[in-house]
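One structure follows; several queries about it will come next.
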Amino acid sequence: MDLYEYQGKELFRRFGIAVSEGRLVTSPEEARTAAQELGGQVVVKAQVLTGGRGKAGGIKLAEGPEDAEQHARDILGLDIRGHVVRKLWIEAASEIEREYYLSLTFDRGEKKALFMFTKEGGVDIEEVAAERPEALAKLHVDPLEGFQAYQARRLIYGAGIEDEGEQKQIAKLAARLYTAFVECDAMLCEVNPLIVTPSGEVKALDSKFTVDDNALYKHPDIAEMRDLDAYPPEERAAREKDVTYVKLDGEVGVLGNGAGLVMSTLDVVALAGGQPANFCDLGGGGDAEGVVDALEIISADPQVKSILFNIFGGITRCDEVARGILQALERLTIEEPIVVRLDGTNAEEGRALLKEAAPPNLHVEPTMLDAARRAVELAP
Amino acid sequence: MVQGLTGREGSFHGVRNRDYGTQVVAGVTPGKGGQEVEGIPIFDTVAEAVAEAGANTTMVFVPARFATDAVYEGIDAGVHTVICIAEGLPAHEMLRVYNYIRPKGVTMLGPNCPGALSPGKANVGIIPAEIFREGSVGLVSRSGTLTYQIGHELTQLGLGNSTIVGIGGDPVVGSSFIDVLTEFEADDETEIVVMVGEIGGAEEEKAAAFIQAEMSKPVVAYIAGFTAPPGKTMGHAGAIISGTSGTAQAKKEALEACGVRVGTTPTEVAQLAAEVAGVRN
Amino acid sequence: MDLYEYQGKELFRRFGIAVSEGRLVTSPEEARTAAQELGGQVVVKAQVLTGGRGKAGGIKLAEGPEDAEQHARDILGLDIRGHVVRKLWIEAASEIEREYYLSLTFDRGEKKALFMFTKEGGVDIEEVAAERPEALAKLHVDPLEGFQAYQARRLIYGAGIEDEGEQKQIAKLAARLYTAFVECDAMLCEVNPLIVTPSGEVKALDSKFTVDDNALYKHPDIAEMRDLDAYPPEERAAREKDVTYVKLDGEVGVLGNGAGLVMSTLDVVALAGGQPANFCDLGGGGDAEGVVDALEIISADPQVKSILFNIFGGITRCDEVARGILQALERLTIEEPIVVRLDGTNAEEGRALLKEAAPPNLHVEPTMLDAARRAVELAP
Amino acid sequence: MVQGLTGREGSFHGVRNRDYGTQVVAGVTPGKGGQEVEGIPIFDTVAEAVAEAGANTTMVFVPARFATDAVYEGIDAGVHTVICIAEGLPAHEMLRVYNYIRPKGVTMLGPNCPGALSPGKANVGIIPAEIFREGSVGLVSRSGTLTYQIGHELTQLGLGNSTIVGIGGDPVVGSSFIDVLTEFEADDETEIVVMVGEIGGAEEEKAAAFIQAEMSKPVVAYIAGFTAPPGKTMGHAGAIISGTSGTAQAKKEALEACGVRVGTTPTEVAQLAAEVAGVRN
């Protein structure tokens, strides 16, 4: 789960990482009030779960309340890479002497947390890594050993920080960032830029914070930060019904059992010349009720022109899936043609059930490839 | 031993594994010590199951939030092989488990894996054995049902399997492709290997280099997720393209650069395997 | 560093372990007030850093304030195994249904923390371990793995706790005790007895808490708990001067460099028929000033009849030690004879210095054995 | 490499070790990278010392509160042998270090140890080499100066040492008596072993059983602390009798029960060693 800048900063503050004071607002009027309260120059920052806000005009410096209100008016409603701006973070403006980059990522390859730190902040880190690797200090932290002071030193010396005051602040900040990373079950904590003010204060000017969905049950306060408005309506509905669903851009709705099989089905649909409309995994169990829920969500997507069921029964029983399809057709109004491929546990029983009920617009195919081709054909 | 044998899934698969021929000597469910599940004795703790029933391998079937504890309990009681079927474990917990068990030489499959099956010999996990037949193809995969699909296609082409291993779909799992490929390379019953990867991480890329450098047996591969968008978790916690890394295309290219042929559909990878098997037979 | 019961309980409370309400008092009048505040029956408990308080009459149940005052009068000033009672802990009396035993020790052999838990509380745990090992649940915790829920289960099932309410409370308490143990750098956390009240509440009725001296710098709040009055006056003075000193019962004062060599010297004194008066290690450096401080502390002990220097110079330079001895003899009034053995680095120079100054009552011997024998002879 | 080479003790001993013939290739002191100590280059981090000077062993000379960090820095940079001279490390920190390094196969002496010396070959630590001469007695001890005393007595009886190893006086140290005895048993240059123990813990008792079961070379022992009272730390953090366990008497009895002769004074143990050496020569 990705957090907004203001949420990440709230967590930063909780762990003792310096951030600027600010207010969350949703209207130009509130932006004005916030700027008044904060005093002086403020920055009006669009809160969206995507990068590139600055270039898209989502971040503006305001001289005072009036200016802030005007900027808020301009930025609210803006579409940044498909994300509509609904919230703004009004923050006291900082004087910036230098901009660094500091991040902690979950390195699944090394099975350790990975620190990255460079004096070249405010820019794309992958670019620095590719073009000037010597400017980028990288360091793994073993989860059993935990963060040790030497790691901070390696980052600091590695990146070439020479000022002692900065060294001390950055060492402390890195330790706190690690604590935040572990205690919040984060997959990413990025501070870009990490700034040094003219008076030598080091603070986090931005935040990118991603938390492991599987660990949210341990962090009800973070789980509550989820903003359902940030997701496509189909994904919101899926979340409510506990269906594993990802919205895509095509016209063939896809359902299957097991993440790998569904991904494979999407690929096969594409190879057959179609475009998958979604990823939807019935999961291990896959009872009739789950099938109905999933079909409801998939068919609610107006882009969907045909629906493909690809079931390879293991734990999932094909007769149960067939029952779910028939129930869904009774209860819901589904006009798109449905193509079904059933194999594995109780596949014959399942196919027999479908054949007996023989609903219109339902096509049974023998193999995954055949089914995908048929579904693509039926989605004009 | 099965941790969580008294649960719905645990009892179904535990008993099925036992009936397939696997020696399932004990179940563990705290508070239910002294009970039985179809003749398999239940203990309160893994330590008792080890001491009294002689268990040396554990299959973990408990809900995600108890799974890490169950794994530690198994390892600390002296179990050397852990098959973690449970899914949904927090990634940081698994990070600690991995770094804890790895230097101790404990073998772990999963979490979020279907287990391992040697057709005709033993089945530990949830792989439906009836799809597979005995043979010489080693199959290793990050995914469950996709493995069944490919196994099914192999069977239809007349190919059987030596062993099928699901390593699990989470970002951090106990065994990598390389670990299993190493076993297959050393296994007399395996002649060819089919590797089934998917988006996310770089284990397929590492495996590619390993295959080129270390393996004498032919390997063919399949990768799922060419159509997956970046930044979205595709069902498996581990199946996510982060930024520009972990794409199916990059994995395919890495494998092909190391001389590993990659099928674009389950059907095609099975055909590639059959072709290689034909050449060798 | 050993903590008093009331200090251990304060730490228990901090980590969420249930203890009874109480007050620390140092006079019978305060005891009366405390009993009034607490209301009902109270227990008057001598606070001493030794066991066996109960048998020595250091723990008494009082019906009310008057009773508490009287008990306090009786207990204050009591000598329990050489410890004079100066403080009392007045605690609300608990109804006891059952008494268990729970402890966490630092198992240096296994290099892990060791939990011990038995239903046979209130008694000597070594007795239970020796006579009824099956009643004692023991379990190690790997410091990298940390406390896991299964460990609590093994303790609970291992000791045969069947009541579900107790199981839950004990599991939670064990986890908290582990946290306290690790976070306080404890060498021992013992709860004996851990009681169950008639209403089923589980709580710590006593506490034994020992903290690693080497870790006190991390815990200034615990370091402050040290009660210098609880130590012999010589050890107090040694602590102030940063001299490594342990008071013993004999008449031969001993100084050496290095803990092993000093222990060995004590043994050799005993073999020579004497009794060492103390353990005193000059440590690795051993400059002249340190020698003066150590000699001051040793000679302040009225039991000391002769003083033995056993120096094997490595880092320590024997000439520096000789200088220290001469300085001490100038500055302090030391009437006891001093026997000196110098070997190793700069031994010749040191011996030459002593020979030249030739203070009365100073005897130089060539070997450790000779020196020990001479010191014993000189301590009549 | 010496961590803390720029300190008073670190530079004194580091240079002394180098002058004795030990290859001291680098020092590490954060913030002093680029400096030199008598020709030995200083680096800011261990990683640099490893990469640029090829160090593979580290001697830790930093103050106690920085020592754990220094040890981790060494190990994580790939150093396989750590000699921790520093004393006063919190016991819990060392507990974590021990459990972290042990399964990784890292060798550690100390904390609170004088290091190791092979007379005529190399010296890593603070043992004054001039007391010892070359010979065939392996000497292992929990104590520093007591070791020098016994070495001195051996020298006076005409016996030299193959290697002298101080394992350290803390409750948890990186290597046990058994670890060092194992090395001596395998070492061609060692013919007899003198083991110097003291009160506290049960490592001498474990060593006794090991000597009886596994060692072909004769071992004689000395234990310090017969007069130590229970519950008092005798200078070394590890030298404490807890309750009734860890007494010198118990250790002596355990050793004798396993056929190991125990001297009651440093002089006597040296004489025992001479006697055994005489029998063997």
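Which chain is which? They are A, B, C and D, in the order written, and residues in each are numbered from 1.
Here is the rule we use: contacts are C-beta pairs under 8 Å (C-beta built on N, C-alpha and C of every residue); 3 or more make two chains touch, one makes a residue touch a chain.
Predicted model, so just to flag it, every value in this text is computed and none were measured.
J.: Mind listing the chains that sit against chain B and also against chain D?
T.: A, C
J.: Comparing the two chain pairs, does A-D have more C-beta contacts than C-D, or is it the other way round?
T.: The greater number of contacts lies at C-D.
J.: State, to the nearest whole Å, the distance from the C-alpha centre of chain C to the C-alpha centre of chain D.
T.: Taking the average C-alpha coordinate of chain C and of chain D, the gap between them is 27 Å.
J.: So what's the Cα centroid distance for chain A and chain C, whole Å?
T.: So the centre of chain A lies 55 Å away from the centre of chain C.
J.: Just curious, how far off is chain C from chain B if you go by their C-alpha centres, in Å?
T.: Using C-alpha averages as centres, the distance is 54 Å.
J.: Touching at least two other chains at once: which residues of chain A meet that condition?
T.: Residues 142, 144.
J.: Find every residue in chain B that makes contact with two or more other chains and list them.
T.: Residues 96, 100.
J.: Could you pull out which chain D residues touch chain A in their complex?
T.: Where chain D meets chain A, its residues are 30, 33, 44-47, 66, 68-70, 72-73, 76, 96, 100.
J.: What residues on chain D touch chain B, complex-wise?
T.: For chain D paired with chain B, touching residues are 103-104.
J.: Quick check on the complex: what are the chain B residues that touch chain A?
T.: 9, 64-65, 88-93, 95-96, 98-100, 102, 114, 126-128, 131, 141-149, 152, 169, 171-172, 196, 198-203, 206, 222, 224-229, 232-239, 243-244, 248, 264-267
J.: Can you name the residues of chain A that touch chain D in the complex?
T.: Touch list, chain A to chain D: 142, 144-145, 148-150, 153-154, 157.
J.: Show me the residue ranges of chain C that touch chain D in the complex, using the header's touch definition.
T.: Residues 106, 108-109, 111-113, 126, 142-144, 182, 185, 187, 212-215, 217-218, 244, 246, 248, 256-264, 266-271, 276, 279, 281, 284, 312-316, 343-345, 367-369 of chain C touch chain D in their complex.
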